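Sharing a structure here in structure tokens format.
By letter and in written order, the chains are A, B, C and D; residue numbering begins at 1 in each of them.
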Amino acid sequence: MSKKTNFGKINGREAMVVGIIIVMVALFSILSPTFRTYSTFVSVLDMSYYIALMAIGVTFTLITGGVDLSIGTGLICYSLFGGYLIVHKDVPVVVALIACLVLSILIGALNGLLVAIMDLPPFLATLCTCMITRGLGSLLSGGFGVSWPSSLEPEGWFRKIFRFTVNGKVIPIGIVVVVVLVLLMNFILKHTKIGRYTIAIGSNKEATKLAGVNVKFYHVFAYVISGFFAGLAAIAYSATYVTIYPGSGAGFELDAIGGAIVGGVSASGGVGTITGAFLGVLVITLMKVGLPFIGLQANWQQIFTGLVLIGAVLIDVVKKKK
Amino acid sequence: ETKEETPATTPDTKAPAASTEEAAAPAETAGGDYHFEVIVKSFQSTYWQAAVKGIETACGELGVTANANGPANESDIADQVQMLNDAIQKAPDGIGLAACDTNSVLDSLTAALNAGIPVVCFDTGVSDAPEGSVVATVATDNKAAGACAATNMYPVIKDVVAAATADKPVRIGEVNQDATALNIQERGLGFIDEMIKLCTADGKKVAVVGNEFYVNNCSDKGDEKTAEVIIEVGVPAQTTVDLAATEANKIMSKADTIAIFGSNQTTAEGVITANETLNKLATDPAEGIIGAGFDAGTPQKAAINNGKLIGSVTQSPLMMGYKTIYTLVDVCNGKTVEDIPMDGYWYNADNMEDEDIAPNLYD
Amino acid sequence: MEKIKQNAFVKKVGFNRIILVLVMLVMYLSFGLLTGGKFFGMSRIMDTMNYVYFLGFLSLGVTFVIATGGIDFSIGPVMFCCALVSGYSFLTHGIPMAAALILSVVIGLLFGIFNGYLVAYWKIPPFIVSMASMNIAKGIAAVFTKTQSVSWPQSSDANGWYRNFVKAGNVPTGLIIFLTAAIICGVVLNKTKAGRYILCLGSNKEAVRLSGVDVKKWEMLAYVICGILVGIAAIFYVGAYTTVQPGYGDQYNNEAIAGCVMGGTSMAGGLASIGGTVIGVLIISLLQQGILALGFSKDYQFIITGIIVIAAVYADVSARRRKN
Amino acid sequence: MGDIILTMKGIDKSFPGVHALDHVDLEVRKGEVLALMGENGAGKSTLMKVLTGIYKKDSGTITYEGKEVEFKNTREAQDAGIVIVHQELNMLGHLTVAQNLFIGREFKKGITIDDKKMNEEAKKLFDRLNVDIDPKEKMSNLTVGKQQMCEIAKAVSFDAKVIIFDEPSAALTEAEIEEMFKIIRDLKKKDIAMVYISHRMDEIKVITDRVTVMRDGTYVGTLITNECTKEDIINMMVGRVIYEDPKTESAVPEDAPVVLKVEHLNAGKMVQDVSFELHKGEILGFSGLMGAGRTETARALFGADPKESGDIYVNGEKVTINCPQDAVKCGIGYLSEDRKRYGVAVQKTVAENTTMATVHQFMRGIFINRKKEAAVAQEYVDALATKTPSVDQLVVNLSGGNQQKVVIAKWLTRDSDILIFDEPTRGIDVGAKNEIYKLMNKLAAEGKSIIMISSEMTEILRMSDRIVVMCEGKKTGEIGIAEATQEKIMNLATREID
């Protein structure tokens, strides 16, 4: 009843997810000696970057009571576009990065327009932009897969945002970048107007409108944030992996949304934290990376992911019943 | 290595049906304003872009036209079948086909046969094709190409393998994109079987572990407990680069791993990606893991130049496309044609610039 | 314009649906003309129909789920799971073809029960349930088949008789079966108790529950019907395209859902039109086929489908808003 | 009395199917409290929503501080100094009290929101208003009354010149109402004009200066509070409409059998040890303030919400009711207080809604016999005089009263012997209201038994044979209609339970 339990609830969920992470790490480490190496730790992080960045963005839309299904194909679309500019148009990497982000913001704004202004159901609207970005990505890149400059080339400097090597030791600096962004966005969600109104829209859109808030603007903005972070995720993806193939990317969004939900973000709006979403993403990535290590064929990871998702939501359902 | 520009005109042993079909078709002049439809597996990777380039070159040389098309994804079987059907509808003088799936195109091949359109398969053969529909296949012998990687890798790791004991076995990894596509299967098994052969020849006991398909279909899966050399096969849940990298990472993280082979562009890049974190790849087995790849592409070429991979096997997509058109024109001109086996070429930092290698190393 | 809209016939069929039919005809004609008439050919039509069948069954299935206000985007992977597991059982474990076909439907049914139970009885949001079952379907299929693709027998094969469901000689049996199924679905949705409750609970679940109706049962039934239809879709998929690979199938979710909502089924639930779904599926298939036939890449199809769906749904949403 | 600050003239507003405001006039003066009265559905809320820019008027003029104005949204109205406390709560359950209080006008520190300052300011405001609420509490954890006080505090916290209270007292306890009156008197001293909408006659006499009365969307007239009697106001409100004669004594014979007996029903905090009996042919009124737990009692009884304990007997037989199906099988029907949310499926037709509980009666084999269904639905449309062009009309296009009749028809087709009417006339216009009263009396006369939950005292006194009063989840008393008075009921409804 008191504010303590309020706080307790949110932190409780996060604490629980941290607990799950610890248990998973312990389990994998016991079952597989190769798992408990520095490099595995780094590769878990490597995979978590782009999913976590998408999760940060999509959490904003989830909190408004919507969803953004276009981030996965969007990510590939932006990444293809940027890569195409570098490889085929010889633009400097900085320009490509900016182009990536600009395109992502535009697609985010398009989602916002469809959902907040044209009042289309978020699921459907973003499903359509998912299809559109999937096609657009191939068209913008001329239908070809592209490879961004490698870390050995001077133009590959952007890869050092996420990972660089000192004396043969890989420093996963990306985790710092992502954590800073997580904390920043968590702060924005909790302590700025943008965040406040995002929660308010998810809580009761009509009442928020009656309070004189420019609901449309903030609603659109949530989708722009989602798009923008898909753009950042595109950069992380391009920086971590070698070649970007058109036609891929569908399904990435589900890892991000799944992570957010495991981390306690409610699919019906109003509830959730960015830190929670980030921790949830770590669970998903750990599963992807860890399960092959303990000798389970890669396909088991999909079954486990499905079960973990249901389990996570079931906790909420059972809690609510009590 | 078969490097003839024109196929051998050996006595007519194959595809008699096709030649009679052709004879029945309205006679065209040899210079040929022929039009062909070419269907590739997809345009996703640069591999196929190279193939299309070869097709265009051949068309330019012969003065024929060809229209290349392909689904968005190598797994879009349904789309490719439709494309093939559409191509047949257009009644071209011939069809070049790289089938995503060899079984799903059979009905369409029958339709092509009935319509009197000769089909040349390239990259991937269709073994069960109805008699006479496929007049020739221009494809890499994937088994040989996979074995080629093993043959070239083995000398480098020979000493380490020799030193291996049942108590302290060594591990050779292989990452395959999937266990479904015929060419990947053959390639993967080709590498495994050759490696087993080479190791057993040196008196080593070999075991194959990992993905069930490869374990069950290799020449001898052995026993992991007594083996001195363990070949571990990883297959990602889906063919995305991140999951391919995870599989590579899993294998490369193991302390006893001495070598790893990525059996196509995606998985070879997976190995390279995993190495970004692990930093274990080296050209000397004493210093780290020996890596080998398959196909080309900028990242692989760079990795070879930088001493991350000792080399890679390239097919010649360019030549395959090129020869497909030549074969089709021959068919149209009533010549008898034969299957053209294409070789896999081992390339490394030394021979990358060679005249007969460089054109096949697409970006 | 207003006059047309007020016309009794137009009102009954629905203005937007008539527009859709027109869109479809225009598309068909223009594809026909652009391909020099080849698109009109009988065998071409049969090809198009191959795509209509399996997508149509998926779309019919998901229509029931969307009618309850839910969503299921595990249908594509579940369809592949059905085809893979039953096909693998046939090829490797030697079960008879008839049993394999039944198995396919049963697997679809089991997924329907699983999804429906979690949604209706455990109150887990449909979105999350389908996200989970999509992963589970892919995983099970891959584990069961040892990540092998499965090629069903050809029509020339002794066991290839199942292909007669798709096409028997030159008789488009698939069309007959699909239309019959659509009519049955239409009857179930509009004329039976099950359909009535599914639609009503989609419109206002709480009101139906407070009327003393076992809403959980009916809500679950929608998912079960969907599951069965997905199992049937699997048969039509392999009947036309022979081979299925593990790990895929998601690409058909979007198209099936798009076909359904394009036809006027509301994502908010309560409003569903089987006729609309059939038209929607035809449009999607035409688009898919036409774009391929014109030699354009599939990318255009994605973009155009996305735009058409947005337009169709926006038309519905704004019409409803004007009414209120 | 102060100068005129606000004039509304000839305001007209129609909703599809409802002419909600028909050339209404209104005049508000500085430093006065103007009561705006009228039956449910008279158009009071609509008029205020037009004033504050929530609805766009069809015609008419609004003059504020001498200038003609037209606010496009609440924000503009707020900025001009007109704020409104809405009838329905507009809370954001996921945010704290302070965050709710300052939503849309947060204090800022740089680009961030200064939650600390907001909490402090909220504390100051609550201290000044003498309300005991923790600003850091999550809004959804407050009682309805406290939430309402937050809304009032929020209105006060604006530097407003005109404050509109739309039925603020409905959810408040006596003590809270006293607090609110203090606040209002305070505001009056500051020359702030207020519009006070309430159905409670006593409050009107205590706190307001003038009374403007509306009826059926029209302006009837304005009285000076001190110079008129309750009866004057009621006459103006009710006008030509003749209500069913109020009951003065129970119409139920002494020996009428007990059809429903509830013993020691417990369901959460809102239903604690509730027991009562319902006789055949009886209308049993349930009275109490909002939040008294009557709805919860009804829902628990009906099986709509889980219950912890308690026995239910129907016609003397003990029954188990765990879900609405069980209740329906026992012959119980429930008309929810929130029609739109729990009563009708608005996107479905009248016929479909009518047969919602009884589809199985219209089956021919596995098919629904639509003809028979339509015929039966039409029968009830005629019997209840539901205004609808046809039974194929979508319910969303019907007015509230007619929607209510569709819900009643639903239970009548089911032949339910026990009917629970939860706020049967909420949001229903005067004419329809009377028809529903007639209908209820008719049903009771036919031997059906009715539980009627109502927050309107007049309705309770007019319709009930017996009255159960609840307060904070407990039954606090039971009075026969012959002895019942408003005061007695109010006493029981606000009784502090030891």
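Methods note: a residue touches a chain if its C-beta (ideal position, glycine included) is under 8 Å from a C-beta of that chain, and two chains touch if they have at least 3 such contacts.
Composition by chain, UniProt nomenclature: C = Branched-chain amino acid ABC transporter, permease protein; D = Sugar ABC transporter ATP-binding protein.
Predicted, not measured: the structure shown is a model, and the values here were computed from it.
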| item | value |
| --- | --- |
| Greatest separation from subunit B - chain, by CA centre | D |
| Euclidean distance of C-alpha centroids - subunit C vs subunit D, Å | 45 |
| For subunit B paired with subunit C, centre-to-centre distance based on mean C-alpha positions, whole Å | 36 |
| Chain centre separation (subunit A, subunit C; CA means) in Å | 30 |
| Junction residues of subunit A, two or more chains touched | 138, 143, 246, 251, 297-299, 301-302 |
| For subunit B, residues that touch 2 or more chains besides their own | 43, 72-73, 211-212, 235, 237-238 |
| Residues of subunit C engaged with two or more neighbouring chains | 138-139, 142, 147, 246-247, 251, 297-299 |
| Pairs of chains found to touch, sorted by chain label | A-B, A-C, A-D, B-C, C-D |
| Of all residues in subunit B, those that touch subunit A in their complex | 42-46, 49, 72-73, 211-212, 234-238, 240-243, 245-247, 249-250, 253-255, 265-266, 269, 272-274, 276-279, 297-299, 302, 306 |
| Subunit C partner contacts - residues on subunit B that touch it in the complex | 43, 67, 69, 71-73, 75-79, 81-83, 85-86, 89-90, 101, 103-104, 106-107, 111, 178-181, 211-213, 216, 235, 237-239 |
| Sites on subunit A touched by subunit B in the complex | 34-35, 37, 39-40, 42-43, 46-47, 138, 143-145, 147, 150-153, 163, 165, 168-170, 172, 240-243, 245-248, 251, 288-289, 292-293, 297-299, 301-302 |
| Sites on subunit A touched by subunit C in the complex | 67, 114, 118-121, 123-125, 127-132, 134-139, 143, 246, 250-251, 254, 257-258, 261, 267-268, 297-307, 309-310, 313-314, 317 |
| Complex contacts: residues of subunit D adjacent to subunit C | 16, 302, 304, 323-325, 327-329, 334, 336, 341-348, 352, 356-357, 359-360, 363, 366-368, 370, 396-397, 410, 414 |
